[in-house]
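Take a look at the structures below.
Same chain, two partners: subunit A is paired with subunit B first, then with subunit C.
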Partner chain A sequence: MVDGMTPAPRDGVINEHRFAIPGLDITPLPPAFRVSLRAGPDDVGALSQALDVGLPVAPKSSAIGKSGRQALWLGPDEWLIIDAEADPMIDLEKAKAVHSAVDISHRNVALAISGRRARATLEAGCPQDLAERAFPVAACSRTVLGKIEVVLLREGPERFRLECWRSFADYAWTFLSEAALAARP
Partner chain B sequence: MSGAMRIAGKGRLVPARRVGFTFDGQAMQALCGDTLASALLANGVHLTGRSFKYHRPRGILSAGPEEPNALLDVSRGGNTHTPNVRAPVQEVFDGLVARSQNRWPSLTFDLGAINNFLSPLFPAGFYYKTFMWPKAAWTRFYEPVIRAAAGLGVAPKEPDPDRYANRYIHCDVLVIGAGLAGLLAAQAAAEAGADVILCDEQPAVGGALWHEIDTRIDGEEGFEWAQATAQALSGRDNVRVLTRTTAFSYQAQNMVALVERVSEHVAAPARDQPRERLWQVRAKQVIVATGAIERPMVFSGNDRPGVLLASAARTYLNHFGVAVGANVGVYTANDSAYAAAFDLADAGINILAIIDFRDEVNEGLRELAAQRGIDVLCGHCVTGTAGSLRISGMRARPRSGGPERKWKIDALITSSGWTPSVHLYSQSRGKVVWDAATQRFLPGPPVQDMVTIGACNGTDEAAALADEAMAAGKAAARLARAAHDGASSDTPSQSRPDLTVQTSRAGALLGAGSREVLKGGKAFVDFQNDVTAKDIELAVREGMRSIEHIKRFTTTGMATDQGKTSNLHGLAIAAEMLDRPIPEVGLTTFRHPYTPVSFGALVNHGRGPLFDPTRRTAMHLAHEQQGAEFEDVGQWKRPWYYPQAGEDMAAAVNRECRTVREVAGLFDASTLGKIEVVGPDAAKFLDLVYTNGWDKLSPGRCKYGIMLREDGFIFDDGVVGRIANDRFHVTTTTGGAPRVLHHMEDYLQTEYPDLRVWLTSTTDQWAVIAVQGPKARDIIAPFVEGIDISAEAMPHMSVREGQVCGVAARLFRVSFTGETGFEVNVPADYGKSVWDMLWTRARALGACCYGTETMHVLRAEKGYIIVGQDTDGTVTPGDAGLGWAVAKKKTDFVGIRGLKRPDLVADGRKQLVGLHSRDGRTVLEEGAQIVADPHQSVPMTMIGHVTSAYWSENCGGPIALALVENGRQRIGETLYVPMAEEVLAVEVTETVFFDRAGERING
Partner chain C sequence: MLLIACPYCGEERPELEFRHAGEAHVARPDPIAEIDDAAFEAFFFLRDNPKGLIWERWRHVHGCGRFFNAVRDTVSDRFITTYKAGEVRREVVRDDEGGYQLKGEER
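This part shows the complex of A and B:
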């Protein structure tokens, strides 16, 4: 690059959006490193070690490492790794175990949905059972919201993290803010 | 006054809480809590509409959702309105505007009523017989007339301004119906710890307790007990009570759809309040407690306004405090009509006689009637009624024959018994069973995890009903908990409430009872579709034997009420005519929905911007700033062309096409599908899903690949770059992205599960900026770090990783224009700023931005195909001139056997060729057919069609691609494209129109 030229700055797709009504806040979350990790059952241990977070093997569960790195079970051979600080790709490059790691930091956009109407708002478009008994804190799932695919992680009794593809973020936002108005707990 | 027929001291509404509404323009008063039906009756109005076929005056028949007659058009006074609203379901609010339907010029004087006198011309099945000939009359006469006459009400034309909501919810136990049985079941399930949803279609719980004021539960009046019980249930954490909520569809795996009328009863709904909410409930156990619906009697003149169900008259009196008449007759074959008669008599209404079809009646009822001075005529039948816009008299005589007696009446209440509401059970795929003793169909064994209880299950006696309900609630809770805890615990038994019930529902009559009864005139079976007892007899005489045929011939039970009050009468009449038992004639299946549901509720959030996701690329804003016109490609918005001041589309596209070839252009290619294929067996896998070989491709190089379906036809194409030995960057067409991933995943999981390779969609990860044209390298050069982009170091079809504009990038040297080209892939959040930086320099060098239209023209100039435009699912690589991309040495890939099918290797296949318009100026029409001999008479032999056609500024004339039989052998021949105005002569050419030597791409 020509000397003195400033590198291209980063934009988001919905980072300026805000939505708050009594009982509900929807907030875009800051960028994060994300990796789609695929591997067979024999390599889970080695990859857990490389990532410094135990890859969960129970369906619809998630784990969080000491550094705050999160691993979400999405399927029998699939995890979504989220890290706000450090790039998991770097750690995975060192791993000898057979796997596929693909950087999807920019593919996904995340929203936090919180408040006493959070569950009802999500249930306007998500057919999964989101009762705490069936979907407790730290539960996660790749599911749908209206007409798009999303990954849902319960971060608290009344707080969810929703991840969707970048180009669907607008739909997710519009859907949630529309559904929120009619949602009753 | 809230109506002359309101009786002081009767009913549960508060007299001081008045609301105003209008009916056919006339202002009326109602009480808060009234339905439209009760409010009209309070004002002495029975006549609410004209019937569908004969335009007969019709009034309110029922007090519930089964109403066949009183369908009104309702609005809030604005532009929008809702047709066919059932008056007993719609609650009145201040400012409601109701209009009658199917009448002209007015409800009381309706010209359509002439149909009633012409009725001999319109027997059942007249459609099938009358509109047969002449054939030409169909389009000009029959169809317009039938269309105008068909249906009730007028559909609104304006967009629906209301908001609708959806809610998915899971529960342990869903209880449908909140009458005595449903409440007790819900209570038992809740106390056993289950998560319970209790729904009821009425504004308040209670079911039959709305009218049965003689039921006492634990010392309380039944309705009061029901409200208190529901309130206590609502207060629990594990119970949700939904009133005004109809369970209308029982689907597989205990998925039950409910529609909640959220603001239909509210005068001024809050701005954000939905009109309706759809609840999609997935229940571990379902308890159906939907009760029973009373049937009217079938007799001549039984459809006059003022003829009501006995239980409806009781509801209007006991709940709404409204008398249905001052002088009331009763015609029954069931005990419950007596209770109605007694309640009316006790409220001071004159009961002239109880005509009981049965030969004998319970002595106790006789006595109670005698105490009130009411005549009871057993073994009698009503032979006719008088009156036109309202009933004014009835005639009856002994069934065995004898003199007729006449009464002057202003209302007639009837009951022929109660039909268990087995609709939802039937929807759940259960098969009903005929119970000969009580003359009714009852639910058979459950097919899903459900149970039916109470009146809908034929349980009549109160104590038995309570025991059944409580046991069902407890059992459902136990089963549901076992499903999620793997264990069940016993809960203390609930004690049955202390119940006294006086109303008996003994006695039933199906059909008219006797054909003698029907001589006096029209005896209606299905009020909504105007089907009479004689129509059903006619159907049988015409040879119909199964109820399925009779139903379709007569249309009985086929109206929007699905024959809730009529099906069994129709069936019984047919069975009697056929001299066969009822179950042998059969009962039709109940369809979803139980009652009509608005499209708004079904569509709910999925309208406007939420109808379908709109996907925008990371550079969308830049395109808007540059004035792009956009094109929808699948869900994507793509820049179509970038008009400058004064340019129309053609001028803009011509300028863009010229500029790209003379200087360069920037193009947003982000929407191309991208799939990262990673794993030690990645190359092996690509070898199997693409026609060409991938093993020898070295990292840093790219290849164009074709993907086939098993049948050998082209499925998708795209450029694949090898990033590392075990990592490929696959691109697909924009529209093909999801299906290509599915196709690959499908083969990976089912055919090649042993391969160690994984697929990840990265379409949204990368923003892709194509820089194409002679100055492409000049444009990007200052921004690229860590990559030698010289022609020698980075030839056409290569890929490098490095930095562009200070951002980690994958830089492809590829071209879909035939020019020197790069595709800059940067993480999406940098797309806009990288585009802006590249554009600043590109503009300074004289380049342009170009859109999809220019992209199409430029690629056609080079003969590059677009899958789905130049192919249609019947084109092989050979047909498309891409035989070179099929590896000859490979022993297996998807489609290899398909390609060897005789048809696919035969001569005479359609092949992709170019077409040159002989006149040098006419752009062909895409899709136009091609013939060899323009003089042949129609139908001509079509030998191909135009797949792509554009004006090519760079070639100075029109260009086209076409699929033509034996096309490649015809190069140089003249063919013809017959159009509406003229026949165009075209010369068959090679597919490449520009830079045939292909030198520019390597610049």
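This part shows the complex of A and C:
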């Protein structure tokens, strides 16, 4: 971020939405700093040091730093950095390694999907195998939910974080809440 | 649903995450400014469109974002193999039972 700039406050599009039925909670998550980071394999070490979180190099994996900063593997040279507190761009500015960092804090909206029916609800629209053996805790992936692209991170056995584009948030919300009701036993 | 093995993700993923990206191993002539119209037409427009084995590029667009190559049977829609972009073309042979085997890895 350029000196003197303050992050623009932004109301999420689905801030006030709440969805809770037995076995399932869908909650919009508060705004966070997000960076789309691209870099070659040789620069992973230096960037991990600058960000204070080890950038994962294995497919479908994520890492979490001491401060709670998350790094999600999206592709062989692409990561999504999420931080609720501090702007990763400030740390990346200090990194000498060649990289591309784009602030996408305002592009994404995040939802938490939790409860014993979280997986079944997501699987209504996500074609990936979300069983724990295939998609364990800390696994993350860019994938599809219904008609939109999302990034999915498993934060716990029964808790997922879903990141989607801001303009898709209403679709994601409606899709998940409808799916939850339809899937209710 | 069809599962496609992404060589970058190292696992099979649902076809909804992928997008077809044309024929593979189409080399751009160099220097392209010196080729005649017929050669340019062949490079730019003409594709094999075979019935049977085809070498294609695919992109894991809703996944790791990478382009890769795949060998697919256009009749059965079966993917015989996939491999990273830039790797040499994988040769495939037909076995006695009508299935496909990677050349050099026949049973």
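As a convention for this text, the second predicted complex is superposed on the first by the 173 of 185 C-alpha atoms of A that agree within 3 Å, B and C clash if a C-alpha of one lies under 4 Å from a C-alpha of the other, contacts with A are read in each partner's own complex, and residues count from 1 in each chain.
Rule of thumb we're sticking to: a contact is a pair of C-beta atoms (placed from the backbone, for glycine too) under 8 Å apart; a residue touches a chain by one contact, two chains touch by 3 or more.
Since the structure is predicted, the reported quantities are computational estimates derived from the model, not experimental observations.
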- Task: Classify the contacts of A:Ser141 with the two partner chains as first (subunit B alone), second (subunit C alone), both, or neither.
- Result: second
- Message: Output check: A:Gly45 vs subunit B and subunit C. Expected answer is one of first, second, both, neither. What do you get?
- Response: neither
- Would you sort A:Lys60 into first (subunit B), second (subunit C), both or neither based on which partner it touches? second
- Report for A:Gly156: first if it touches subunit B alone, second if subunit C alone, otherwise both or neither. neither
- Who touches more of subunit A, subunit B or subunit C? B
- Considering only touches as defined above, state whether A:Pro76 meets subunit B (first), subunit C (second), both or neither. second
- Query: When the two structures are overlaid on chain A, which partner does A:Arg133 contact: first (subunit B), second (subunit C), both, or neither?
  - Reply: first
- Message: Per the contact definition in the header, classify A:Ala124: touching subunit B only (first), subunit C only (second), both, or neither.
- Response: first
- Item | Doubly contacted residues of subunit A, that is, touched by subunit B and again by subunit C | 127-128
- Item | For the subunit C and subunit A complex, residues of the former touching the latter | 1, 8-11, 13-14, 16-17, 62-66
- Query: In their complex, what parts of subunit A are in touch with subunit B?
  - Reply: 1-2, 5-13, 31, 36, 38, 40, 77, 98, 100-108, 120, 123-129, 131, 133-134, 146-148, 165-168, 170-171, 174-175, 178-179, 181-183
- Task: Using the touch rule from the top, collect the residues of subunit B that touch subunit A in their complex.
- Result: 163, 165-170, 195, 272-274, 277, 280, 282, 484, 605-606, 609-610, 612-618, 636, 676, 678-680, 756-758, 760-766, 782-785, 803, 805-807, 826-834, 836-837
- Residue set of subunit A touching subunit C in the complex reads 59-60, 74-76, 78, 127-128, 141-144, 149
